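All chains are identified by letter, namely A, B, C, D and E, in their written order; residue positions are counted from 1 within each chain.
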Amino acid sequence: ATLDDVKARGKLNCGANTGLVGFAAPNANGEWEGFDVAFCRAVAAAVLGDPTAVEFIPTTGKTRFTALASGEVDLLARNTTWTFTRDIDLKFEFVGVNYYDGQGFMVPKELGVSSAKELDGATVCIQTGTTTELNLADFFRANNISYEPVPVETDNEAQQQYLAGACDAYTTDASGLAAVRATFETPGDHILLPEIISKEPLGPLVRHGDNDWGDIVRWTLNALISAEELGITSANIDELSSGTDNPEINRILGTEGSLGEMLGLEADWAKNAIKAGGNYGELFEKNVGETTPIGLARGLNAQWTNGGLLYSPPFR
Amino acid sequence: MSTMTDPPKESFKLGMLIYDTRYRSITIQIVALIGFLILAGWLINNTINNLAVLGKPIDFTFLRDPAGYDINQRLIDYNSQSSHWRATVVGLLNTLLVAVLGCITATVVGVIVGVLRLSNNWLVSRLMTVYVEIFRNVPVLLWIVFTMAILIETLPAPRDFRGEDPEASMLLFDSVALTNRGVYIPEPLFSRGLGDLPILPDTDSPACAIPEDGGPVSDSCGMFQISLDFLLIAAVFLAGLYASSKIRQRADRIQNQTGDRPTTWYLRLGVVMIPTLAVLAILGFHLGMPELQGFNFQGGIYLRNSLIALWLSLSLYTAAFIAEIVRAGILAISKGQTEAAAALGLWPNRIMSLVILPQALRVIIPPLISQYLNLTKNSSLAIAVGYMDLTGTLMGITLNQTGRELETVLMGMLVYLSISLAISAGMNLYNQRVKLVER
Amino acid sequence: MSEMSAQREIDRSHMQVSDEVAIQITHMNKWYGTFHVLRDINLSVHRGERIVIAGPSGSGKSTLIRCINRLEEHQSGEIIVDGTELSSDLKNIDKIRSEVGMVFQHFNLFPHLTILENCTLAPIWVRKVPRKEAVETAMHFLEKVKIPEQANKYPGQLSGGQQQRVAIARSLCMKPRIMLFDEPTSALDPEMIKEVLDTMVELAEEGMTMLCVTHEMGFARQVANRVIFMDQGQIVEQNEPEEFFNNPQHERTKLFLSQILGH
Amino acid sequence: MSNTHYVRSEMLPEQEPPAATTGAIGWVRENLFSSAFNSIVTLLALAFIYWLLAQALPWMVSPTWHASSLTECREIIAELGYGGACWGIIRERWLQFMFGFYPKELYWRVVLDFILLFVALAPVLFTHLPRKMLYFSAIYPFLMPWLLWGGTIWNPVMAALGFVIGYLASRHLAPVLGNLAATILAFVLPVIWWIFLSGPVADGIASILPLAIQSVESRAFGGYMLSITIGVVAIALSLPIGILLALGRQSNLLIVRSLSVGFIEFIRGVPLITLLFVASTLLNIFMPPGTDFDIILRVIIMVTLFASAYMAEVIRGGLAALPRGQYEAADALGLDFWMAQRLIIMPQALKISIPGIVSTFIGVFKDTTLVSIIGLLDPLGLSRAILADAAWNGLVWEIYGFIAVMFFIFCFSMSRYSMYLERKLQTGHR
Amino acid sequence: MSEMSAQREIDRSHMQVSDEVAIQITHMNKWYGTFHVLRDINLSVHRGERIVIAGPSGSGKSTLIRCINRLEEHQSGEIIVDGTELSSDLKNIDKIRSEVGMVFQHFNLFPHLTILENCTLAPIWVRKVPRKEAVETAMHFLEKVKIPEQANKYPGQLSGGQQQRVAIARSLCMKPRIMLFDEPTSALDPEMIKEVLDTMVELAEEGMTMLCVTHEMGFARQVANRVIFMDQGQIVEQNEPEEFFNNPQHERTKLFLSQILGH
C-alpha cells in the first residue's frame, strides 16, 4: 500500500509542476515553494511528521498522469482539473478541490474588447497539454466565432508572446492570468474578460484503488480547510492543542478521539499538517494571496461561510 | 609415407554443436534468437500484464473519436470535430512541410557558407567559421527557442500597423506584412477558378457527412483537395520546361556539330513563361493581398511564426553541418584536379562546374542526406514553439487527451522510422549509381 | 631510375631548332612568403628546342615550369611566351594556357570522365571545337600514345603508365605549341616508365618544343638539346647533354651527377 | 642556339620579397582587398559586424549584477538610462544552473568527480602518460556513481567484483572447461552475481563495516551536472554495447546481423524525443509490475540505447579501417575470436574511432537538452522553473544566453580537441 | 627481382628429410563461389622438407598455403597436418594453427604493440606460457633474426625488412613444427630482401619444415628440396631445384621461367 511505501521510504514523492508562478517554483536555495507545494508538505507532515520529507518531482502536462499511474509519485498536486474521464477512464481518484478555478481571458486594454464574444478572428495563446484547449475549442464553436490558436509549452512563453503582441488574448485558468498579470511591468494595461468559460476544479489526485491512501490525502486537505473555518492557525495551534472547548478542534488536533489511528497515522497528524505551513487561508495568503505579487482574491475559494465554495465535511 | 585410410565416418556428437565450425554458427544464431525471443516475450508479457492492471488494453479505436482541439496550421481540412486520425495526418503533413522546406534552405545556406569558408577573403571566411562553430556547438533546441524569441520580440505586432501614424508598415507596396505572429504574403487567387479535386474520400471528414436535409455531399469531401487550377498551371509549366529542354538539346547538338553554341535563353524563357502566363490570365489570376482587418491581417498566405522559427533554426543549424560537408567535399578533390583543368585553359567557373562539382558531389551527397535525416528527426522539437507537427498532435495533445501513451508513441515512432528508412533507401540507390569506376 | 633499355636510333630530321624564341624569361624572381624560391632566372627557349631541367629536390624546378603557364605567379621579372607577356591580365593567361600543354607527375586525369571525355573536354569548352571533330582529334592522339582501345574506360581502370599517356594525349588535344613536363615518370613503376618515355621521344621527333623536368638521364641524352641544372632556385649550369654529363663544370653539378648516376 | 653553355660563377643570396607582398600591409592587401569585389565584400562584412556589436553590446553592458528581482533590475536600468540585461538572476542562480538541487555542502563531490573524470580519461587520450594510470581509469566507472549518488561503498565494490569474477572465469576456467564454456561462464557468472548475490552481500558487509557517504537522490540532479552526467554515463555505457552491436553488424551470422542492424537502424531512424517519451511514459509499462526506476535512470537507459546505435556505427568505421591482414595474422597465431578482438582488433579500432566517439559525445551532450521536454530540470528545464519564481518572471534572454554560452564553451572545446586528435591520428602514425 | 648477392656455402648437415609425413594433401579441391581455384591437389610434405611453390599470379599459390592452416576452407579432399585432419572441428583447427607458423607478404605485425609484445602475445594467450618465459623465448628468436635491440620499438618505427624478420620471429615464438611463407619478400625494397632471405636460409639450415611461395629463384636453388610449379589451380610440375630450373618439362613452366629469369 502507498502509505507503507511512503513510511518505509521516509519521504513522500509528490508530483509538482515544472514551474508555475505562485503554485510551484524552486527558490535560489533549490527549495520548492508555492501553493501546491505547501499542500504536499502538509501531507508529508501528516504522514511522516516532517514537512521537509518530500521529494518534488517536476512533471509536465504530458508526463504527470504516467508518473502517477506508474507509482513514480504518490500524489499529484499539480493544478489538475477534475474531470469525468480523468477520474473514470484514466483511473485516478481526485481527493477534493484545493482551488476552484475557471478558464478566462486576458487582453490588453487598448484592444478595446470587453467580452470574449468579441474575440472573433483573434489570435489566442493557450498552454498545451491541459483541458484549456478543449474548452477553448468548445467555447468558440458554441459561439460560432473563429479564432487562431497559438499553442505554447509553458506559461513563460505564453507571457512573452502575449506581451509582445503576438497574440491578442491569453487564455488559461483565471488564477494563472491574475498571477501573470501581477508580474507585468504595467499590470493596469491589461484586463481579464468577464467570461469564465469553464469550471476548473483543481485538486490533488492519487491512484485509483488505494482508498486508505486516498483518505489520508483527502482528509489532510479537509483538515486544512476546516482549520481555517475553525480558526486554527499556525500561530495558535500549539496553544489550542493543549485542549479547547470545541470538540471538533480537539478531534482534529488529536486531543480527543482517535481519528489519527483510524487513518493509520499518529494522533497529531492534522496538527502537524496545519503546523507545516498554516491552515488553508494561511497557505493561500502566503503563496498567492493579495499580499503577494500574484495578488489573487479569495473569490470562490473563500470559506462557505464567507460566500465561497470551500466546505469541508465535519470531523467526527 | 603414411598409408591412406578412409576417414572414419563421424557420428554426430553433441560437442559438435560447439566445436564444429559447421554447426557452431547455427548454434550461436539459435541461442541469439532464443535470447532475443525471450527478451521480447518478457517485455510483451510485462506490457500486457501492466496494461491489464491499468485497465487500458491496446486499442486504436480512439483514433476515430473526435479530437476536440483546434490546430492552427492545417494543410487539409480539419476542425475540432475531426477525428484524432485526421489530426494525426494534419500533424504529419506539417512535419513533412517543415522538413522539406528546411532541407531546401539548409542546403542553399550550407552550400553558400561552405564555399565562402574557402573564400580568399580572410574576413568572410572567418565570419563563416564563426557562424559554423556557433551553430554547431549550441543545442538545436536552444536555437529553436531562441529564434522564436527573436521573432516575437523584434518584429512589430499587428497592432503597430494600426492607427493614423503606424509604427510599422507593410513591405513591397503593401503586399507583405512581417509581424511577430508570422509573415503574410499575397496569395494567388483565380476569379475563374476550376475548383478542387477531392481525392481519397474520407468518411471521417465532417464535409463528407450526408447533410441532414438529404442534399448532396459537399464537394470538399476528401482526405485531400487538390486545386485544379494548380494542376493545370503545373501541367502547362512542366510542358514549357519540356519544350525548353528540347531547345537546349538542340543547342547541344548544334554545339557538337559546329562548336558554336546558339544563344537560346530568351527562346527557352519564352517557351516556359508565355503559355504559363496565358493560362494564368485565362484563369483570372490575381493576388490576394493581406489586409489588416479586426485583430489580424486577413487574406494572403499566412506563414506562422512557429513555422518560420522552426524552419529557420533547423535550416541554420543543419546548414552549419552541411557547410562543413561541402567544404570537406571540395577540399577532398585534390588541388591537382584544379591545376590540371587550369593548365588546359578552362575558366574558373567551368573548372567548378565540369571538374570539381561532379566529383565533389559524390563525396558530399551521402553525408548530406544523413543531415536531411537529422533535420527531419529534429523537426520533432516543434513542440518547443508550439508548431503542430506529428509530435505536437499525435504524441502531444492526442496522447494527453486520450491517455493512450503506448498506441500514440508507437505510432509516432513508426511514422518517423518509415520516413527515415525511405530517405536512407534513396541514399543507397544514389550511392550505387555514382560509384567511381575503379580497377 | 631505370635506364631506357633500347637506345634505339631516333630520327632527328624534324628536330630542327628554329631561331624563333618560344619562351623568354628575364630576371624573373619568385617568393613563397619570405622564401626566395626562384632567383633571377634568365632563360630563352627557341621553337623546337627540347630542354631537360634537372636538379636536387626543392631546387625550384617545378616552380619554374609552373610559372611558365601561370599556375604560380612570379613577383618580378618578365616571362614572355609566344610573344605574349604573362601578367595578371586574364586574357593573356588564357591565351598562353591554350598554347602551352602541361603534364603532371600524378597525371591528374579527371576520374569521373572517360578517357575520351578527358581528352575532348578542353577542346570543346575552351577551343569551341565541334564535338565530332574533338573526338576525332582525341582518337588520333590516343592512337599515337597507343591506347585507342581504352577510350571508353575510366582513368581508374588503367595502369599508371597508361594514365600518364592519356594525360599526354589530353594535353596534345589542345594542339599546344609548347609542352611542359613535370617529372612525368617519377610516380610510375619501372615497367611503365618506358611506355611513357617512348611516347615523349616520339613527340620530340616531331619537333615539339619541350621543357621537361626529369631525372631520366637516358631520355636527356637521347632527345635534349640542352640540359639545365638548377640549385637553390638558380640556374647553376646549362650545357648540351653530352658535355653536361661527361664534363660538368660546377661543383654542385658534379656532386649531383655523381649521386644520380653512381646509383 | 649559341649560348647553350653557361656556368654560374657565384651563387645569388636570398633576397627580401618586394615590400608590398609581406608584412601587415601585404597581408591586408592579399586577404581583404585583393580585388574590387573582395573590397566591397570586406566592407559589407565589417558593417555587419559593427551592426551586430552595436545591437548586442549596449544591452550586455548592464551593471545589474546585484539586482535581486526583476523590478529592482528595471529600476537600476531606468536610473542609468542604458543597459538592458538583468544579470542579477545569473548571479543568484548560477550555482543552481551548475548543480541543480544537489546539496550545497556536497558540491565538492561533483566537482571532484568531474576532475577525476579528466584524470581517468587522460591516459586514454594522451598515449605518452604512464600506463599505470589506466588502473585508475578502470576504477573510475565504479567510483563515479558512488561519488555522485553516494551511499555505501560496498555497492560499487560489489559491482566491480562482478567483472573480476568474469575475468577470473575466463582466465582460469578455460583450461578446465574449454574455451567456449569458459567464455559463456565469464558472461553468465557475473550476471548471476549482480542479480542475485551482490545486493545481499553488499548489505551484509555494510552492516558489519558501514563505509558510506551521504546518499543523494537522482532527483536532486539538475542543470549542467545533469546534462554531463547523462552524457558521460550514456557514452561510457554505450561503448561496450556499441562494440557488441558493431561486431554483430559485421558478423556473417545472419540472425545476429539482422538483429544488430534492426536495432541500430530502428534507433537511428526515430527522433530522440520519441525515445524520451518512451522513457517517461512507457518504460515502466515494459517492466515487470511494480518496478519503479526513477525518471533519470530511465532517461539514462534510453539515451544509452540511443548513443549505442550511433557508437556502433562509429566503431564499425574503425573496424572497417583495419586491414584484413590483422585478422588473418591473429587467426594464424591461433588466437580465438574473443582474444583476437580484445588484444588485436579493438585496441586499434577504438583508437581510430576516438574522434568519432568524441563527436558522438558532443551530440549526446547537446541532445540532453531534450530532457527538458519531459520535465527534467536540465539547464533549459531549470530555466523554466526558475522563471516561475515571481521575482524573475518575465526574463528570457539573459538565461538563454547564459545557457547557450555555457554549451558553446563545452562543445567547442571538445570539438576542437577531437579535431586535434583527428589530425594527430592522421599524421602521427607510428 | 634481386638475386642473392652472396651465394654463401650453406650448412646442409641438419637439412635431413625424415620419412615422417608432416603434411598430407589428397584430392583437395576448393572453389570461390563457382570459380575453381584449386583443382585436385595432391601433395605430401615430409618433416624437414623445404618446398618452394612458384607460378604465375592468380594460380592459387596463396590459396593453397592458406588452406593448410585453415585461413581458407577447402571443400573436398583431405588435408592432414601432423597427423591431424583439418576438418570443421575447432579443436583440430586450433591444434594445427599452433603447430603451423605463417608469414605474410605484408608482415601483418600488430602496430599497437611493441616488437616484444608482438612476439609474446600468442605464447602467453594461446600457449599460456608464463610471461617471463615468453619474453625469454621472444628475445631468443629476436636475436636469431638479429634485431634484439629493437624489442621495445613499435613496428611502425622499423624498416620493411626488419618488420618481416619480426614477423618470422613472432611465428617462431609459437615453436611451430612447420612454417608457411607467402611471398615474404615481395613487398620489400631490394636492399631489404637479402636480410629476410638470410633469416629464412638459417631457418632452413636448422631443419624446419618449410613451404614457401616465392619468386626468389636464388633462394629456391639454395635451400629447397623441391620446387612445385602451379598454374590455374593445379600442380603442373614438381622437381628438385636444379632439374626444375635447368630442365623444365612442361610448356607452362618453360614459359614462366623464361619470363622470370630473362628479366
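Assume a contact is a pair of C-beta atoms (placed from the backbone, for glycine too) under 8 Å apart; a residue touches a chain by one contact, two chains touch by 3 or more.
Just so we're on the same page, UniProt names per chain: B, D = Amino acid ABC transporter permease; C, E = Amino acid ABC transporter ATP-binding protein.
Source: prediction; values computed, not measured.
**Q** Please report the smallest number of touch steps linking chain C to chain E.
**A** Steps on the shortest route: 2.
**Q** Listed by label, which chains are in contact with chain B and with chain E?
**A** Expected: D.
**Q** Among the chains, which has its CA centre at the largest distance from chain E's?
**A** So the chain farthest away from chain E turns out to be A.
**Q** Report the chain whose mean Cα position is at the greatest distance from that of chain D.
**A** Centre of mass proxy via C-alpha means gives C as farthest from chain D.
**Q** Report the pair of chains linked by the most C-beta pairs in contact.
**A** Chains joined by the most C-beta contact pairs: B-D.
**Q** Pick the chain whose C-alpha centre of mass, unweighted, sits closest to the average of all protein C-alpha coordinates shown.
**A** D
**Q** On a C-alpha centroid basis, what's the spacing between chain A and chain D, in Å?
**A** Roughly 40 Å, centre to centre.
**Q** Nearest whole angstrom, what separates the Cα centre of chain B from the Cα centre of chain C?
**A** Here chain B and chain C have centroids separated by 52 Å.
**Q** Quick one: chain A and chain C, Cα centre-to-centre, how many Å?
**A** 88
**Q** Return the distance between the CA-based centres of chain B and chain D, expressed in whole Å.
**A** Measuring from centre to centre gives 29 Å for this pair.
**Q** Send over the residues of chain C in touch with two or more other chains.
**A** In chain C, nothing touches at least two other chains.
**Q** Touching two or more other chains, which residues of chain B qualify?
**A** 18-19, 54, 149, 153, 383-384, 399, 405, in rising order.
**Q** Among the residues of chain D, which ones contact at least 2 other chains?
**A** 277, 281, 284-285, 373, 396
**Q** For this structure, enumerate the chain pairs that meet the touch criterion.
**A** Applying the touch criterion to every chain pair yields A-B, A-D, B-C, B-D, B-E, C-D, D-E.
**Q** Please output the residues of chain A touching chain D within their complex, sorted ascending.
**A** Going through chain A, the ones touching chain D are 17-22, 24-30, 55-60, 62-63, 66-67, 70-72, 153-156, 159-160, 163, 179-180, 182-185, 292-294.
**Q** For chain D, which residues are in contact with chain B within the complex?
**A** Interface residues on chain D, with respect to chain B: 30-32, 34, 38, 41-42, 45-46, 48-49, 180-181, 252-256, 259, 265-266, 268-274, 277-278, 281-282, 284-289, 362, 366-367, 369-370, 372-373, 380, 396-397, 400, 403-404, 407-408, 410-412, 415.
**Q** Given the complex with chain B, which residues does chain A contribute to the contact?
**A** Those in contact with chain B are residues 61-62, 65-66, 69, 85, 89-91, 110-111, 119-123, 128-129, 133-134, 136-138, 140-141, 147-153, 157, 160-161, 164-168.
**Q** Of all residues in chain B, which touch chain E in the complex?
**A** Counting only chain B, the residues touching chain E are 1-2, 4, 7, 16, 18-22, 24.
**Q** In the complex, go through chain D and note every residue touching chain E.
**A** Of all residues in chain D, those touching chain E are 175, 323, 325-326, 328-329, 331-336, 339, 343-344, 347-348, 351, 429-430.
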